[in-house]
Amino acid sequence: MNVKAHINKLGWPRIIIGLFLASMYISCPFLGLDLKAALNDTFIRFGMNAVLVLSLVPMIQAGTGLNFGMPLGVEAGLLGATISIELGAKGFNGFLVAILFAIIFGIIFGWIYGLILNKAKGGEMMIATYVGFSSVALMCIMWLILPFKSQDMIWAYGGSGLRTTISVENYWYRILEKVLNLKNINFPIGEVIIFIIFAFIISMFFKTKSGLAMKAVGTNEKFAKATGINIEKERIKSVVLSSMLAAIGIVIYQQSFGFVQLYLAPFYMAFPAIAAILIGGASVKKATILNVVIGTFLFQGILTMTPSVVNGIIKTDMSETIRIIVSNGMILYALTRKGEL
Amino acid sequence: MKKNLINNIVPILILTLIALVFPLSGLRVIPTIQEIVLRLSRNLFLVLSLLIPIVAGMGLNFGIVLGAMAGQIALIFITDWHIIGIQGIFLATIISIPFSVLLGILAGKILNKAKGREMITSMILGFFINGVYQLVVLYGMGNIIHITDKKLLLSRGYGVRNAVDLINVRRGLDSLINLKIYNVEIPIFTLLIIAGLGFFTIWFRKTKLGQDMRAVGQDMEVARSSGINVPKTRVLAIVISTVLAGFGQIIYLQNIGTMNTYNSHEQIGMFSIAALLVGGASSSKATIFNAISGVILFHMLFIVSPNAGKNIMGSAEIGEYFRVFISYGIVALTLVLHQWRRKKEKEYKRKKEMEAIMKGELNEKSI
Amino acid sequence: MEEKLLEIKNLSKSFGENTVLKDINFHIKEGEIIGLVGENGAGKSTLMKIIFGMSVIKDTGGYKGEIKVNGKVVNFSNPFEALEEGIGMVHQEFSLIPGFKASENIVLNRESTKKSFLENFFGEGVTRLDVDANTNRSEKAIDKLGLKINSEEVITNMPVAHMQFIEIAREIEREKTKLLILDEPTAVLTEKESEILIETIKKLSKKGISIIFITHRLDEIIEACDKVVVLRDGLMIKSIPTSETNVEEITQWMIGRKVESNKEKTSDKEIDEENIILELKNFNVDMPGERVKNLNLKVRKGEILGLAGMAGQGKIGIANGVMGLYLSSGEVKFKGEDIKTNLPAEPLKKGMFFVSEDRKGVGLILDESIAMNIAYPSIQIKKQFLKSFGKVFNYRDIKEITNNANDYLKKLKIKCMSSEQRVAELSGGNQQKVCLAKAFTMDPELMFVSEPTRGIDVGAKKLVLDILEKYNKENKTTIIITSSEVEELRMICDRIAVVNEGKVAAILPATADIIEIGKHMVGVGGDK
Amino acid sequence: MKKVFNWIFLLIFVLILSAIFFFTGKQHKVLLTNKGKGENAIKTNVVYSIDNLKTKKIRYGKKSAYYIKGINHVIEISYKTEDKKEVKIEKEFKAKISTIEQIDVQKIIRNEKDWITYKKLNK
């Protein structure tokens, strides 16, 4: 293979973004920034987000498209986290309880969501977006009326419902590091390990009978039909799996971040994750674990590096704008690529 | 009859909901009517700007936010130049056109590359251009683009403030001709402009270009083989929609009187589309009547929900979230219904065709 | 006396190495109706594409020879140039805007408009349509056909026949149209409607419009045309006035080639005529372009049954319907047991398998390895090639999958680097063998094989057929082969069922005369 | 070709229209001073309005700012003389682009020339 073929295989956006990121790391010392801290930041954000990005894989593989409805899975995760806190479960157990409930709600929500998407074949992405949005609004009402009692979650003085941000400091903040007795190391080993575990499970899953069936539906629906695979069922399965992983992903995110963010916080959760996996080389129809790893690293790298570097050069914080342009530009690029559908 | 009911299930549902909730909201009739008239004059133009791309088969154009941004940039300029009153509004309208046309062409070309998924693409395009808009307005203005009036800028010396006071053009259109009936103020001039757009839309559908768009919307392949320039026709549909949206945003903001530089446009696409869908439109069929009834119903919901929430659930917040839920849910629901109905219709048609063929066979035998 | 409207001289066309048309010579006079007949792949559609200036022709290197319209040499680069010269075409698929009225369709993109002031700025686009004028023009065009059709009717509410007429009306509404090409216009019509269509064609020809009429129904040719042109394998076999010939002769010209190279099937198999493995009763399949209508068929255990027929007559639809890939209705009995239709898993579980005509679309996952492609159905249906992990997860057993694949690589002589190679990289013939390996791995009792030799080179064709014949002999597997090449069927089948108009027209022994089979294919087999 | 000509015509028309909107819609700041010099000063409070808009009052010795729109304007001032007689004066003036119009009310009262000066806005 010559250079051109290699470039085509990698894709221009990836190369540009990769070079851009590399140049930022290189420029760190000249701008008086601490490269080690910068890299560390990138890794921490990688650990926070990797499972969320991973959650997109099943739906892409099953041909259900980019999961713009990720907020739905995220809400399931939020339910898991709040219930765990409500039950007063602390430490690693608390984390496990949160994950457990997250999975349960992820399955329920995902199943309903899957049924909806099956009714909307061909227009999944648009409908997914709006299912995600409306689920956020619906859950906003729930946060107001669900009978949570924990003092750590409700408003201290008056006000009804849960707070907008709930600290998990007393529960399972950075529990994945604490459990490994790595309190003083800033590298997110726990998150990386748990990501590897889930990545392994997912890649194993796609080698099972069920996973193979799902993949067949995604790559060639006619082939799948001729092979006797129940297409609708596989699609629902993929949606359930994606929602479940998104639910788990947000709990991992929270334990690293330190707060459970309710109400409108999950609204735009899907977009950065989708942008990340696309930057990693996935397309609307195909995604691998490698795409997840590369993409999350590049995307989070840019998010952590641009503010400090740009600030170092022109004393302005443009991170939000850059995030919007990069992430949506990437999604736009994927949507307009030829021969994707 | 039954088909009609199913086709109009969304407006009927919403109407029932409003009818049930209105008495509980404790709102009085006249102020509510005033509010509706106000919102109609404020939003209807934007909603109408969605119609033409639907005719051209490009679905709900979330890209109207591009037009909204063009309108806002024009407003920033006239505010900076201190052009006030009705002249300011008209000048802003003129200035918005080149921006809208450029953005419209860009959007049209991009959507031509994403046939079959125009809606999601136009939505993401809206987000993307929003980033570019931020880059221009938040970092470029006062820096690269000259801004005379320093009061418009953030304290750091560049970038437009979060809120731009449009007091000098506020209600410039609305108050031009104003009528009061039973304590209800009616902004006649604005409504006349909206009516003008309505007639434009009706007229446009009957032109050659309108006919081409209808053809492209129904079957691109056939349209192409009959010599219609499909990509160009689609780009034109988007350009027209974007330009109109620019005007719409100016009308909207002159009524409100302040502009949230970085937020005013964001929700416009979403709300306009939700309103149109509430009026019984779908992503492939929409009428002016859908637009009008949609705006009325959707904004009734706006007005009623918080009060009803307060009176029923004891929390205005719940009502507010409920409204948000309904507006997003409606879009999801209509899209699902539409997709599902299309599938069913296709199946039904094939079945009928098959039956017709079988019947033809039988007839032949009996002859 | 009459002018030569269209003249074709020494026309040849090849796609790459593959010559599709060679030295075609004929001409059409004003007001003449010419019937164009030929088997699938004889070059009819390529010829029409050249005359109508379809861009595929230019893109694939143009053609050799000369086309003259009204004595002037032309070389169209797109259909619009052809239209300009007065050549109109009605394609097999309807090209009408479904939600438009008939009148709107007839004048599509040629609408009469009213003058408008705005025209000075925005061009013709902003002129208003002159609805009355358009309706008028449409009605005139419909009148010209000598029919009564409401021009205000919306297309979706129209019967199929009317749609066909509206398309013709659209072509003749152009002032310029002098030559009309009709590609299988009667395919979707009932007999009665076809008669009306033929009447219409005749009327048009009297008005001076020449017509090229393509159909597989030879009786229609005799009925409607002045002259018939027969193509076979890209050669023009005959061009003769219809008054000087008959259906039988035409059939012979169409199919008659290798009558001499007749290798007859030597059957040493014992087939029990009473042992029916598959029975179809009143079977309908809604496969676009290949509809099956009220078909009845009995398949004997252990035989190789060939399904012959012209394209579009439904032979392809049978297997697709039984296997649940297209909507079907009616009764399917397999080994005396009712099979539920429209559930693809059902026939697979019962022991049927289908090697699809759409190799790349249905048969294979192009991005996957050879080994995985072969194993896929067995994993999903028979739960083979799986290792279990704590009895919960069944994941694939790479070793067995590879072993199985390597087995078939050897047996079927599949040329590849290894069983891990992506199937997309294989040649057509080897891809077909992978499809067969996939089927054999399932070890079915009954196998449908559709167009097994389509698009693969000559050597591979023979191999594929041999493989099938051998497999049938060794495993006693019933095989139903669908093929457009009758000769192939005669080589390996025990019986041949001819499918015409969605029904079995006749079941003949493989030793039957090829002309006999051909006649059934063109719908004239019965009336001897 | 005709179309191009038409478009140029349209473009010019729109440009002229924009210019008209620009000039007639431009907002100007007018600074009025009511300060006399020496013994000529007529120490009185002045009530004024421009273009018949809202009336404002300037006490003697003070300044007042007024926002107006467009090019041609009429200022109307009224004051009471020492013998309590009300006097009304109307003056026309033009506004210029990117300037602040400074009006000396005293000069108007005393019917002097140059009662209006234009001060360039510093950019």
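The first chain written gets the first letter, and so on, giving A, B, C and D; residue counts start at 1 in each chain.
One rule holds in what follows: a residue touches a chain if its C-beta (ideal position, glycine included) is under 8 Å from a C-beta of that chain, and two chains touch if they have at least 3 such contacts.
All values derive from a computational prediction rather than experimental measurement.
Undergrad: Contact counts by the stated rule: is the higher one at A-B or B-D?
TA: A-B
Undergrad: Can you name the chain whose C-alpha mean lies closest to the mean of all the C-alpha atoms?
TA: So the chain sitting closest to the middle is B.
Undergrad: Using mean CA coordinates as chain centres, what's the gap between chain A and chain B in Å?
TA: So the centre of chain A lies 31 Å away from the centre of chain B.
Undergrad: Where the CA atoms of chain B average out and where those of chain D average out, how many Å apart are those spots?
TA: 43
Undergrad: Find the geometric centre of each of chain A and chain C from their Cα atoms only, then give the gap between the two centres in Å, rounded to an integer.
TA: 48
Undergrad: Using the contact rule from the top, write out all pairs of chains that touch.
TA: Those chain pairs satisfying the definition are A-B, A-C, B-C, B-D, C-D.
Undergrad: Sort out for me which residues of chain C touch chain D in the complex.
TA: It is residues 120-121, 123 of chain C that touch chain D.
Undergrad: For a test of understanding, state which residues of chain B touch chain D in their complex under the given definition.
TA: 78, 81-88, 90-91, 94-95, 148, 168
Undergrad: For a test of understanding, state which residues of chain D touch chain B in their complex under the given definition.
TA: Against chain B, the touching part of chain D is residues 14, 17-18, 20-22, 24-28, 69, 123.
Undergrad: What residues on chain B touch chain C, complex-wise?
TA: Within the complex, chain B touches chain C at residues 203, 206-209, 211-212, 214-215, 218-219, 221-223, 225-228, 236, 349-351, 353-354, 356-358, 360-361, 363-364, 367.
Undergrad: Which part of chain C faces chain B closely enough to touch in the complex?
TA: Per the stated touch rule, the residues are 79-80, 95-100, 104, 108-109, 111, 113, 122, 124-129, 131, 156, 159-160, 190-193, 284, 286, 291, 293-294, 327.
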